[in-house]
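What follows are several structures.
Shared between the two complexes below is chain A, which pairs with chain B and chain C, respectively.
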Partner chain A sequence: MKQEETTPEQRPPARLPLWANPRIGLVVLLIALIALFTTLRPAFLNTQLTLVPMQADISVYAVVGLSQLAVLSLGHMNMAVGRMAAMSAFASGLLHDRLDAPLLVALAGGLAVGALLGALAGLVISRTGVNSFVVTLALDFALIGLVSLLYATFTDGVAFNGLPAGMSALRTDTFADYCAGDVCGPEIPLLAPIALIAVLGVGLLFRWSRVGREVLMTGANAKAAELSGIPVRWRVVQAHALSGLLAGLAGFLLSANNGSFSAGVGDGFLLPSFLAPVLGGTLLVGGAVSVLGTVLGTAITQVIYKGLNLLQFQVDELKLYIGLVLLAALSLDRLRHVLAERRGVPA
Partner chain B sequence: MTSTVEKTTRAATAPAAPPSRLRRTVRTSEFTLATLAVIGFVALTLTTDGNMLSAGTLAAFFRFLAVPMIIGLAQMVVLAIGQMNLSVGVLTGFCAMVAAWAMLEAGLPAPLAVLAALLLGAAVGLGNGLLVVFTRINAFIVTLATMTIIDGLRYGVNGPGTYQDYSAGLEELGQASLLGLPVVFLIACAVAAMVWFFFARTVPGRHLLASGGSPFAARLSGVSNDRSIVLAHALSGLLAGVAAVLTLAQSGSVNATIGDDLLLPSFAAPIIGGVALAGGVVSVLGTSLAAFIVRLVDVAQAQFAINRRWVDLIVGAVVLGVVLSGAIRAKLSRRSS
Partner chain C sequence: MLLAEGLTKSFPGVRALDGATLRLAAGSVHALLGENGAGKSTLVKILTGVYRPDAGRVVLDGRDVHFGGPLEALHAGIGVVHQERNLVPEFSIAENIALQHLPNRLGMVDRNRMRAEARRCLGLLDLDLDPDTRVAELSVAQAQLVEIAKALSVDTRVLLLDEPTASLTGDEADRLYAIVRKLTATGHAVVLVSHKLEEVFAVADTVTVLRDGRSVAEAQPLAGYTRDEIVDLMVGRAYASVELTARTVDRTATPALELAGLSTRHGHRDVSLTVARGEILGLYGLVGAGRTELAKALLGLDEITGGEVRVHGAPVRIRDVGQALRRHRIGYVPEDRKGEGLFLEQPITRNVGVTVWRRLARFGLIPDRAERDVVAEYTRLLGIRAASPAQLAGQLSGGNQQKVSLAKWLAASCDILIVDEPTVGIDVRTKAAFHELIARLAGQGMAILLISSDLPEIVTLADRIAVMGDAAVRGELANDRDYDAVSQRVIRLIHAAPVPA
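Showing the complex of A and B:
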């Protein structure tokens, strides 16, 4: 992220100067990382080897980040994202396994379970006023146990055997496999548009819809929101239900990516779920979200993972660098904030 | 062992005629937890035909209570200032791995390696605290980042390999008993007593609680909130180091997965024990009792050969139940007053 050099223009203070926009910094960082990895390993731009799997991963983890973002908008946390995803994937798997449900029905069932779990957490939080961290942490504990028990009861192991028809296509195919005459689609996995719909949906919700704006106002100041006639409790439930729904979608996307509905879905969701929104500039205090930033944050994380992987770094070093990048990015962001404040620009 | 801040605020809000000392004691959440612990213990003893009281079972019960207790306290110290430390679990593993490495590869004698583990824990905690203070980034995020970094470092010490036979003396200590109680448990109790003393009787401890209760009021009273934050994180790291030493002593072998299963219990113990996430309130006794209760669930699982996963389910339900009952009780008492 760049701060100095570009002198701030004499603009009305309402508009941010270019350097003070955190998203620009993320885009610059993303391009710099891609350039770096490409020079070190030209294979980084190999479509089959890197780009297609990376897009699939970005699709999954962008939705994971959005799931956390949905409650960060309130200043809440959802520690149970991973397990909500697992429960949702279990429901999808069960629907297909026992009732032979087609893909869309299984997906809808899974999403409904995710949304219900989220709504349950939201309901407990809004009714009792207990910290969201505690409630979702306890829910996570309970669901960890429940997921394994359910898989042990309903399957002969830790995964369902079959997949709904069409789901393996989501895993293996890109649009390049579908041609109309001579014109084939781009090398984009089929998962990407699903994630894109989620991104657009959440973006539109928080920018243009009444519910979304009211959730943000609740996050900024719950008391003021209540006094302005916003049904604060209901908005809390809705935001958590959205988080659960998106966690469910992420669980479905990962299951499609892995090729099975298994108990391990969602195990590694917690860290990326915070990483992406926070890198993207969403605050933990609530009241403001950045959907685009979350997507960029996800992309940066996945580019680092893939790049270091290609450079044959060990797992431990990968983690080390992800942590360091997060710290560096946040510190730079903090610096940008301080500089912006000093120049009298609200950033 | 409740901190007196809690007691004084309770006394202040109590009606004109303060209830008797006995009634006040009965009303504390520590009393409820102690009752629960005793009931659970007795029930478990009766249902297992007294198997719980056999020397072997009892010793094992307390030996594996030591680490959860200390890890709960490590989280509690940071909760006292209203922050969180996500790196406690991996830090415990990292310290244990480094100490084992120091003994096996660097040839350090056991006492020095133990000291190294403690210092390393405190140093990493100090780093967390300084990062929080200087960057002003939320501690949750800072420790999330350091958790990832330490996770990498922990694996980096010895890759997927296992260290064992690092010190006969240390392992002997892990198995030793004094007056029928395992020494590791007694050490944990001594550390807990020190933590209690720190919060109840020392100036930095009181300052720390003041910062947690109301940073603004603390600043007006001349307390440095920044110092409290750094101190709390350093202390949390030190306690993670203690947990690492106890792990080394009792397990006899360590690898890069040590500490993975400690993060969630580290929150469960203080939360069940009545420590507020908002800060300003600590309860060493409550945290220890909560760890005891969680351990009871663990033992019940082993005794009845229940699926391991029920434990998580039950602990989750217990945390939620405790939190809900606390919220309902607060609501009722507000309504009655």
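Showing the complex of A and C:
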């Protein structure tokens, strides 16, 4: 039986070098970037000027990344993340403006609209078999028109006046503003725990829940998934609905951050939505996701934004550098896969 | 004519070839045999320029040759038909045949010459196909023959066939081998790599047996060996043919699975079959007879237009695989294990666990420990050899992959199992282990519908054999395991005129 001892499956699994672990690499990169920007501009560690707004931005864009991750799990794309967020924010704004709905009701209404739009996209994709890129791109196009039409009809401009009670606190306050006696909270904006709940929920879903795992299996091999008894079409609809829901949540968080429900919410969501999951090691082909990586990817993107901003780079230059980071991340990802394949271990 | 001597090739952790030698004479069919992992594919890939050997030399017509790539080997006159399909489905037959050397005129593809060339190649094989047909529209068997035509399109003198009949049966395999004979008669040398020893003995003149990367028999006349001696050489130890213990089937009880006059949208007419508890019903037929399609219609993947399916006596309507599994405990091990049976990029754990998550879940969440226990149990039960349960299914050998594909249905405690071509491309020893396993499952009371194009396999395993042709059952017979007698009756059923409905 000599031959059996030498077949690859009999050897203990080799390990990839540490630098090829995407999460550890990202943490190192994050620390290096913070150190770099702090050296160049000590104001980078200024709490009020930089750290608090940056945390708020990370909260918003982490949820944006999760929204894309929800369909990347299937190997699908959601090109309409921005417009789903805009529609959701519009619904929240309308509920407050016309029905005087309180914060939570407005939020719930917005999330429902996002989830419904996502489910609609998922339904079209699973029924017709048309590529998700095409379907969501078309949906995005239609919603661009609809959003401006709706704002023109229901507001006197491009935004609702006024916010539900408590929403401005989400924008301005940190936990340091809430004290029990002498003990005050840390300098963390109130948006952060909302994003954290989303992160934990999505993480739990894909790691331990049956539905999340079945979505991943559908992404890995739809044919085998169907022949293993997974309701493939329903899982596609669910994943897209989740994507819509998270887009809606991101829209709400951004509206809170901006201080109004406006038509411009979600305009800049598309690139960051791909950037964060891909930086974090989520595959574009489906079947594997990294929620933690998405958060780290978001953090890195925002640190670069803020850092370059402090160094007084122009907006166009910012875009150039972010684009380069994305390319570098994809190349590293490819390298990691080649390496994993050569060593015969999971990437 | 062709001599490959002392070939050595190592991959990280594995020495695939260790001084193997292959000697070919013009005008003969040379069988290259060996178990999975013995080095056959590596040897074929060196001869066709895909790999460069670490040591050793290849001599063609007395001259040393070094192939820098597959194209150079092709132009030297070595053609190959790989085990995997290598045609572009969306291209026409003519385009596929001419792919590596498109005839051009003024920089544009010369379509007329391309078609003429394709017709000539198809003509060599007596194939009556329109060169403009898209390959996607061909049956598996036709596509296989087109690949051979493609390999012959250059002035090929050595033709390597890697498992050419894996997806063919009866007629088609015979036709293929008739063509092989014709090629050798015109001075071609043919190397045949196959797991089907019956075919090898029927066709080949000489044999080379590889074991652990070394040639343990070099270009010997095949007539000097018996089947068992060849198997001994391959396995390296005395090998006993599987003698399965006889099972007793209670045929008076309500059948576990019963198809009564079933018609489907695919074109099945009036199909009636019964499988009892503890029984293996062999479903034999030519490729394209509609056996896989019948299984899929049964699982709700295609529309049933007439007749009735009964499970344990009760009429049922199955909408999808999930329902078949949960409500009726029917499992299906597909023929295409890489495409349909497995999630290649996922770990073994998930591949096996996928059918039991619903059972294990507490409040929608799956406890790791419960899943690990289930997977460990079935990994042990089926003897799946892997470095760890976290290993990706795609990295396992063919036999172990098939076990994983089967394990998920056993884990889901099915009591009716449809197994579609379970041992295609699996080596002799693993195949025997598989046969024992399937027989044991039936012995434990499972009802098994075994779809196979491998007649010896059917005769070894089945209690009864149903023969299918043109989407209808041609006949059914009891299997007394006397291979010669049973196979003759089966073949006669296949060639019988279709029974008028």
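Here, the second predicted complex is superposed on the first by the 318 of 347 C-alpha atoms of A that agree within 3 Å, B and C clash if a C-alpha of one lies under 4 Å from a C-alpha of the other, contacts with A are read in each partner's own complex, and residues count from 1 in each chain.
Criterion: a contact is a pair of C-beta atoms (placed from the backbone, for glycine too) under 8 Å apart; a residue touches a chain by one contact, two chains touch by 3 or more.
All values reported here derive from a predicted model rather than from experimental measurement.
With both structures placed on the common chain, the touch criterion links A:317 to chain B but leaves chain C unconnected. In the superposition on chain A, A:142 makes contact with chain B only, not with chain C. Judged by the touch definition given at the top, the superposed model places A:134 against chain B, while chain C stays out of reach.
Looking at the shared chain after the overlay, A:284 reaches chain B, while chain C stays out of its contact range.
Contacts of A:208 after superposition: chain C is touched, whereas chain B is not reached. In the superposed pair of complexes, A:223 makes contact with chain C only, with no contact to chain B. Judged by the touch definition given at the top, the superposed model places A:231 against chain C, while chain B stays out of reach. Those residues of chain A that touch chain C in the complex are listed here as 2-4, 6-13, 204, 208-211, 213-214, 216-217, 220-221, 223-231, 287-288, 342-344, 346. Residue ranges on chain B touching chain A, taken from their complex, read 84, 131, 135-138, 140-142, 144-156, 159, 256, 264, 267-268, 271, 277-278, 307, 309-317, 319-320, 323-324, 326-328.
The part of chain A that touches chain B in the complex is made up of residues 77, 124, 128-131, 133-135, 137-146, 148-149, 152, 271, 274-275, 278, 284-285, 314-324, 326-327, 330-331, 334.
Residues 12-15, 35, 37-38, 211-212, 299, 301, 320-326, 332, 334, 339-347, 350, 354-355, 357-358, 361, 364-366, 368, 385-388, 390-392, 395-397, 400, 408 of chain C touch chain A in their complex.
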